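Going in written order, the chains are labelled A, B, C, D and E, and every chain counts its residues from 1.
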Amino acid sequence: MFPWVYGFTWSTGNLIFLGIFFTVVIVIGLTLGLSVLRSLRSAQSNEIAHIRWKSEFHDLPAAARTCRHIFAGDTRERTCAHDFDCGTCTAHRHIEELRRSGRIVLHRPAGSGGFSVSSERLYHRGHTWLRREPDGTVVVGLDDLASRLVTDRSTLGLPPVHAAVFRNAPLVTIRRASAGTRILAPIDGEIVEVGGEGCEWLVRLRPRSLGTDAFAHLLRPAEAAGWLQYEFERLQRSLASGGVGVTMADGGLPMQELASAVPVDAWDRALGEVFLEP
Amino acid sequence: MNSSISRRDLLRFAGGGVLGLLLSPLPWKVLDDSAIWTQNWPWIPEPSRGPITWSASTCSLCGAGCGVRVRSSNGHPVSLAGQAGHPMSAGTLCATGLLAHHLACHPSRVLQPIRITNGTERTAADMATIVAAIHAAHSASTSASPAIAVIDSRPGRAASRLLMELAHQWPSAAYGVAPQAGRARTDLIRKHFRTAVPEFAADIQHARLIVSFGAPLVDGWGTAATARTLLAETSAHPRPRLIQIEPVRSRTANVAETWIPVTPGTEHVCALAIAQAIIEGRRMKSAVRARAEDAAALAAFLHDLDLPPAVRRCGISDARILEIARSLSDEPASVVVASPAAPEEVQSAVLLLNLVAGTFFREGGLRPLPEIPGAARTTDARTLEDFDDHSLSVIILDESAAGADIPAAVFGQKLKPGSGIVVSLSPFAAPRPVPIQYVIPAAVWGERLTDVAGTSPAGEISVGLAMPVMPARPDTFDTAAFLGAVTGTSQPSTEEILRQRIAAIWSGRRGMVYDPSSPTLRPVHAFGGTDALWSVLQSGGCWIDGPRPAGSMPAFRFLPAGLAEHLTKRVAATKAATAPALALVITSDPLRRDQAFDATLMSKVRDESGLYLPCGSVAIHPTTAEAHNVGVGDDATLSINGTTLPVHIACDSSVPPGLVSAMDGDGPVALAQSKISDRSVGSVASATSAPSVIPVTLWKA
Amino acid sequence: MDSSLIPRGLQRTSFPRFLAWVLPWVALLGVGLFAVYLCLAYGLNQTNMDNRFAFGAWIYLDLTVIALGAGAFFTGFLLYILRRKELAAVINSAVVIGFICYSGAVAVLMVDVGQPLRAWFTFWHPNVHSMLTEVTFCITCYLTVLAIEYVPLILKNRKLRKNASMLLFEFQLHKLMVVFAGIGTFLSFFHQGSLGGLYGVLVGRPFAFRPAFGIWPSTFFLFILSAAAAGPSFILLTSWLVSKIARKPLVAPDVYRTLGRISGSILLVYVLLKAVDTLVWINRTAPGLGFQASSFYRYGDFGSWILFAEIVLLGLLPALMLLSSRVAQHTGWLVTAAAMACSGIVLNRFVMTIQTLALPTLPFDAFLSYVPSWQEVATFLAVIAYGVLVYSFSFRYLNLFPQERELRSA
Amino acid sequence: MVIDLDRCTGCGACVIACAVENNVPPAHEGTTPRTGLTWMRVVRVDDGRSFPDTRSVFVPLMCQQCDHHTPCVSVCPQNAVEYDEETGIVTQVPVRCLGCRYCMTACPYHARYFNWWDPEWPAGMEQTLNPDVSTRMRGVAEKCNFCHGRLQAARAKAAAGSRPLAPDDYQPACVEACPTEAIVFGDLNDPRSTVSAAASSPDTFRLLEHLGTGPKVRYRSRSAAVRESLTRNSVSSEKEQVHG
Amino acid sequence: MKSIRWFVAGFVVMMLFGWVIFPAILYTHEEQPLQFSHKVHSGETVGLPCQDCHRLSADGRFEGVPAIAKCAECHAEAIGSTADERLLVEEYVKKGREIPWLVYARGPQNASFPHASHLIGAGLACERCHGSQGTAESLPAFRRNRISGESQAIWGTSIAGFKMAEWDGMKMDDCARCHRERGVANTCLKCHK
C-alpha cells in the first residue's frame, strides 16, 4: 500500500489503483471533515436555532408549508421554499409592491371561521401573536386556535427571565403530550417579563432589532383570519384516520373546548401538526 | 473541576481518547501482532531445529532388505530415501518403506505390557505375572507332547536361533514358524526330485520373459526393486516381456505387456494346457527330457485329462496358449511365477509348467536359494497348525518382525480350552480369539539393532543390519531381551548373536559385500576380519550371496505320487463347476493394511486421494453396478453364504463384469475373509468351486 | 411504550406486537451466530466445501445479496445526480437496504475467509491485477459510504434530533450527500463489475472465461448492468413487501411505475448484451480454449435450459413486462415482473459460481455436486435475519418513506 | 519435470515421500478424497478402450508451475502466490495467505489444496517434522513448490562450499522416491540437461496445453491411446468415480 | 472551553498509554535459564574465538547457540566458583540435558536465514545484524512479544518500528531493503520455507 511496504512497485497499474483508492479515501475524509467542521463552526455561532428551524421546516409535510399569500387570495396554490422567512422572498416583495400600488385589493374573507382575530396583533405561523408595546417591548401570546388546544397554563414550561430567544426557536414547551411539543418564538429578543395566570399574554420580550424586516414574516390580521381557518381544516384532516375528509358541517363553529375533542392517542399528532413539528 | 461529570464530558473524553489511540502505535501493533500470532499458533507443532545428520540402515519391514538412507534432525529420523547403488534395492524404497520411521509413533502402538481378555478389554499387566504364567505352564507340563509353542513370525533372523535354543533348553517347548509364503512351494518342489534340493527363487532380474499367474510383481510393499527391474529399462537392460494371467487387472497386469483375464479359479487349467502345448509341440528341450523319468507318462496324463472343454471355460484362447508355449520354449531366460496366495493346485500346475519349460537352474529362471550362513535351517520347522489340537497351554509368539498372518481360528483350536494363554511380543496389539492374551511391547524399525535377511529380484540373498536411528522407547523389548526376561536366564544380547552371524559369514568366505563408500562390490575375503565386515554392515552396507555356480538339473519326476489324482480331481471340479452369477475375488492388499505397516500418512494414498481402495470398499465394473442397481459411492450389503457385511461400492473398469474385487485384511472384508478361510465357511463353499471362487450376492443397503 | 422514538405522525404497531414480530428473527440470528462461532472456532471443516468447491453456497448468496443491494447506489445516482425527484420517496429505504446487503455480505465474507485476522493483508500488500483486491477495496469503501449515508437517517430520529450537535452534523452532512452519492456510484460501478470480473478472468475455467475489453472481461460490464437492473426491482419488491406487511400504503403507485420502467430499460439492455456475449462465447471464446460449449451443458441437471431461463424467461420477459404500460397499471403484475427480474440475476450469479466449479476441466475430471452444510445455511439465514431486524427497527424508528404521511391522510 | 507414464505403476511412493518431506499432516477424521490434503496426487485414468484390452494409466498430478500469466498468481489478492523468475517455481507463502481460496477456483489442474482442519500429528511424530519446511495452519491453501526447501538447503550448502549450485545438488522428494525413475527433473532452460532431452522427445505432451497457461510439467507415453485420452479436450461425460 | 479540556485529557491519556505503557506490557521479561559471561569466555581470560562455539557446519547450516556437548568439553567439572557454573555442571552437563536457552535472534519458523550465504556468500559481519556481542558480562533479559510470541529482537526496540541502529530489528522489510540495495533477488522463495 505504501512505498516502504514490501512488495510495493512503482508500476503504472499499482499507481493508478492506489491513486484512485487514496483519492476516494481522501474525498470521503474531506467531505466528512468538512461537515464536521461546518457543524462545529455553526455550533459556536448561535445559528443553532436557525439551522434547527431550517432542518425541521424541510421535513414538514407540504400542507404545512403553504405560502401566506394564499390566505389573502393573492396567489393560487403555492408552498413556501424560504422557511417562512418572507423578508428574503422575492415573490413576497413583488406582491407587496402590487398591493401597495393598489393593483391587488386585500379583500377580507367573509369571517374568520369562528376564530377571533384582533387588528393590532401580528400572527406568527407557529400560532403565537405579537403586539408591540409603546415602551418598545413586545408582548407574545397564544392565538385563538392554540389557546383552545392548550387550555391550562400549568402544562406550559415558560422560559426564565433574561433568557435570549431566537426567531422560530422553541420558546415554550407543552408537557401534555408524551414526547412534549414546543411553541416557537415569533422574533429574536430577550425575555423581560413572564405573564402570570389569567394574563392574556405569555411573555414580554425586548426585540433585538425594531426594523420593519424583523416583522416582515409575521401575518397581518387580514391574512391571519383565512390562515386560522386553513390551519383548523389541516388539524382535522390529520386527525381524521384514513381517507375521511372534513366532517364538520359547514357553518358549524369550532367548539371552544377543542382539547377535549382530540382523542387521547392522537394528542401527540395534533399538537405536532399545529405547532409545526416534523 | 466542577463537581458533576456530565455524560457529554465523558463522550468528549472518549473522543479524545480514540484520537489519541489512533495516533499511538497500539492498534496498529496489535493488528500486526495478531496476524503474526495466526502464523505461530502455539497448538501447531514446529519442526525441531538442530544439526542435520545422515546415516544409512536397512529396512526390516518386509523380506526385501532394501537399503535406506536416513536423514535425521536432532538425532531423530526426519525422512528416508533409498540408498543409491544398493545391490538389493538399487536406490528404491516402496511407499510403506518411506514411512518406516513413523511406525514408532503410531497412535495404536503398545508401549507397556498389556493383557487383553476375550479379545476386547485391555488392562495393563506387568512382566512378573507374564513370566510367572509361562513358568507355571512350563513346570506343569508332564506329557511328552510340548505344552509351550514358540512361534517365530519371520524365521531366518538371528533372533530365530535364540527362539530355537529356548525350545531346546525347555523340553516342554517346541519351535514353530508362521506359515511361510514360499514354504508350500518348496514342499511341492521337493516331491519332484529324488535328491534334496534347496528352496528356489525366480530370477526376475535376468528373465526376458515372465509368465505370471497373479503374482503381485509391482503391487505395493516389497516390490520397489522388482518394479525397477521390470520397468526402468535402459539401453543395456531392455524391458522384459511380462504376461499376467489373473481375473482382476491389478497394477502388475496394468503394466504387463499382455493381461489375460481368466475366470477366477481356472488358473491351473491354463498352466496345464500350456504345458500340454509345449509337449505336443515337441518343444520340450532334450536336456529336460533326459533328466525326466516319466516324460511319456506326463504326456499320457495330460492327454486323458481332456483339457480343451475346461480351457474353453477359462476365457483364454487356444492361439494365446500356443503363443505362450512357443515363446516359453524359445526364450532361454524365461520363468513362470504364481501368486504366493494361490491355492495348491495352481502352485503345482505352475511348477509342472516350469519343469516342462526347463526353467530350473537357469539364469533368468528358477535358481536355488542357498542357505543363509549362520541361520538355523528352518525350512522343515513345523507351523502352529502342525501342533495337535488343544494340547498347548502357552503360545509364545515373536512378532517383532512382521511376517505372514496366522489364521485367527488356529489359536483357539490349539490352546487347552479355558486355561491357554498367548504371549505375543509385538509393537502393535492384534487381538486374537483367545481367553487371555498378553502383549509385550516390541521395538519397531529404527529403535533397536536387528538383522535383515533379504531376497533380491535376482533371487540372491543378503544380510543387512537395521541400525537404531532413534532413541529406543524405555520398556520395549527385542527378542533377546524378551527371552531373557521370560526365561530368567541370561541370554546373549542381539549384538553378540549378530557378531557370531557375521563371523560365520566371514569365515564362509563366500559372497560379496556392498560398502556404501566404495562404488563396486568387494568379495568377503577382501576384508581384514569380522570387525571390518561388521563396521561396513553398520554403515549401511550389506553382505550379498555372490555369483553362484549355475548348478546342474538333477533327475526329477514330473508326476510324483498323489499329484496326478489331485490335479485330475481339481480339473474335473473346474469343468463341472457352474460359474456363479457374481463371484468375490480377494486380491492381496498392495499396502498390507494391518497395523504393522499402516503408518498414519498412508491415508495420503488411501482415504485422502482414492489412489488405493479405501477401507471397507469393494470394486465392481460399472456394468455390474448397473445390473445390481448400485451407484458409485453407495452403501451396499455383500452376503457370503449367509454372512452379510456392509461395504462401500467403487466402480472400476479394471474389474471384469461379474466379479467383485475386495482387498484382504481390511475392515469388513477382513471379517468375511476370516470366515472364508475359517473351516466353517470353507466347507460350506460348494465342493465343485475352487476355494478362491466364492459366490456372493450384492444389493443396495 | 417507545412512542417517543416513533416519528410523529406515523402509525406503528404496539411495542409488544413489534416484539412478537422481532423475536423469531432474533432466534434465527442466534442460531446463525452459533454456526458462525462453530466455523470460526473449529475451522471451515464445519462446511461441506472441499478442494473443488472452494467457493461454497454462501459466496454465491453473497454475490446475489450485493447485486440486489445495488439499488442503493443506483437510486442515489438517479436521485442526486440525474435529479429524478420522484425517487426521493424510496431513497431512504434504498440506503437502508444497501447498507444491510453490504454489511451482511462483508460479515459472511469474514466467516468464509480461512484466516479473518489477516484480512487486512489485501490492503497492505495489494495485488492490483487481481479482481478480488479491487472487490475488497471497493466493498470496504462503499460500506463506509453507505454507513455515512445511513447516519443522517438515524440522526433524524425524533429523539436524537433534539441533541443540537447531532442535528447540526446531520444538517451539514445532508447538504454534502450529493458527494457521497457520486462516490457511491463510482465505487459500485467498479466492484459490481469486479465481482463479475472474478469469473471472467479465470483462464482455467473455460465455462466462465470471457474475452477482455481493456483490462476487464465482458462479465465486468454485464455484472454492472445486471446489478443496476436488479437494484430498482429489488427496491420495488421490498417497498411493496413492507407496505403489505405494515398494511399501509408507503409509496405512491407512480413511484413503482418509475422504478419498474428504469429497471426494465436497463434489464433490456443487459439481456441484449448478455445474448451477444453468450453467442461470442459459444462460437469463439470456448472453442478457442479447446472446449465445445455444448459440453458444458451435458452434466447433471445443468441442461441448456439454464441458459434459456437466465436470458429469456427471467431476462427478456420481465424486461418487456416492466416496460409495457399495461402491466404498469396494476402493481401486482409490476411486482411479479420485478421478482422475475431479480430471480434472473440470482440465477446468473448461481450459474457463474456453482456451475463453474462443478464442471470438469481436466479430461479425467468428474462432474461434482455439492450440498451446503447446516452451518452454511444457518450463517446465511442469520444475514437475512440481521437484515430484517435492521430494516424493522429502521422502519419503526426512522422516517423511511416521506410519502407515508400524505398517503395516510389522502 | 518430465514424467514417463509408461513407467508409473501407481504405487504412490511419490505421494508418500512428498507428504513426509513437506510436513503434510495425516488425515483428520472425516477426510474424503475431495477434502484430502496432499501436495500431489496420482490419478488413475482409463484409456477408454473396450473391456479386455483396456488399460489404466496412472498420472502423477502436481502443480504444473505454469509460466504464462499463471492463473493463481494473477488472482491472489494479497500476493501470497508469486512466480519466481529465477527458478520458474510458483511460490505459495502460507503466512501471507488469508484463505479466500480464489486461487483454488482459478487452477484448472486442481493442484491446490486447503487446510480444512488444524494440522494434528500423533504424539511423538512432531519430532519427525522436516526442519527445512515450515508447518502450516488451518485456513490456508497449499501446493507443490518443487520442494524448494531442498533448493534452499542446496543453495546454503553451495554457499558454504563457495561454489555455484550444481544441477544434481537438488531434486524434489518425488523424483528421488520413484522406484522406476519415471520422473526426470532438471533445468529446462539448460539444453544439455537430461530433462531437456526428455522434454524434446516426440511422445511428450502437456495437460490442458490449449488453455495457454504454459505448464512446465510434461508427460510422456509411447501409447497413442494414452496421449489422446489425456489431451482430449471435450471432457468425457462418463460419471465413473475412478478408484484404484 | 470547558469541553475541550476533556477532549485533550482523553487524548493525552491514550497517547501516554499507547507510547509508554503499552510497549512495557507488550513484552515479557524472561530470565535466561543460567547466566553466561561472554566477557570471560571470549575476553582475555579464556580467549575463545567466536567461531569456536557459533559454528557454521559443512552443509551450510548454522549451529547458532552451541549444544551442551560443547560446554561439557571444558566444564566436565566445575572450574570457576560462580553459582551459575555449578548449576551448569550439575543440572545440565551431568544429566546431559540441553540448556533451554531463549535465543534472542530466533527468527520466525516460516523463514529460513541461510547464514552460509550471508557470511561466506555476501561476506557480512555478525555485528551487521546482531549488534556487538561477545563483550557483555551477563545475558540481558529475553523479551518476548505476548501476542505474536516472537522475540523483541525481530521487531526492534522502538515500538513504532524506527530502527535505532542497523542491527535493531530484523523484520521482513529490513531484509528486503538490504537485498534490494545489494541487487540480490528478494522473491518469496528466497527466504520463505
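The rule we apply is simple: contacts are C-beta pairs under 8 Å (C-beta built on N, C-alpha and C of every residue); 3 or more make two chains touch, one makes a residue touch a chain.
All of these numbers come straight from a predicted model, not from anything done at the bench.
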{"item": "Third chains touching both chain E and chain B", "value": "D"}
{"item": "Pair joined by more contacting C-beta pairs (A-C or B-C)", "value": "A-C"}
{"item": "Central subunit by CA centre of mass proxy", "value": "D"}
{"item": "Rounded Å distance between chain B and chain D, as computed from the means of their C-alpha atoms", "value": "30"}
{"item": "Inter-centroid spacing, chain E versus chain D (mean Cα positions, whole Å)", "value": "37"}
{"item": "Between chain D and chain A, distance of the C-alpha-averaged centres to the nearest whole Å", "value": "77"}
{"item": "Rounded Å distance, chain C centre to chain D centre (Cα mean)", "value": "39"}
{"item": "Where chain D touches two or more other chains, by residue", "value": "32, 36, 79, 95-96, 118, 132-135, 137, 239-242"}
{"item": "Where chain C touches two or more other chains at once, by residue number", "value": "115, 118, 121, 124-126, 129, 133"}
{"item": "Multi-partner residues of chain B (at least 2 other chains)", "value": "34, 37-39, 46-47, 49, 52"}
{"item": "All pairs of touching chains, each written as two labels joined by a dash", "value": "A-C, A-E, B-C, B-D, B-E, C-D, D-E"}
{"item": "Chain D-facing residues of chain B, complex", "value": "38-39, 41, 43-50, 52, 73-74, 76-82, 92-95, 98-99, 101-102, 104-107, 218-220, 223-225, 227-228, 230-232, 249, 251-252, 254-255, 259, 261, 470, 590, 600-605, 607-614, 617, 619, 622, 632-633, 650-654, 656-657"}
{"item": "Chain B contact footprint on chain E (complex, rising order)", "value": "2-4, 6-15, 17-19, 22-23, 26, 57, 59, 61, 63-64, 108-110, 145, 147-150, 159-161"}
{"item": "Chain B to chain C touching residues, read off their complex", "value": "31, 34-35, 37-38"}
{"item": "Parts of chain C lying in touch with chain A, wherever the complex brings them together", "value": "3-4, 7-9, 123-126, 128-129, 133-134, 137, 141, 144-145, 148, 156, 158, 161, 164-165, 167-176, 179-180, 183, 186-187, 399, 405-406, 408-410"}
{"item": "Chain C residues within the chain B interface of the complex", "value": "115, 117-118, 120-121"}
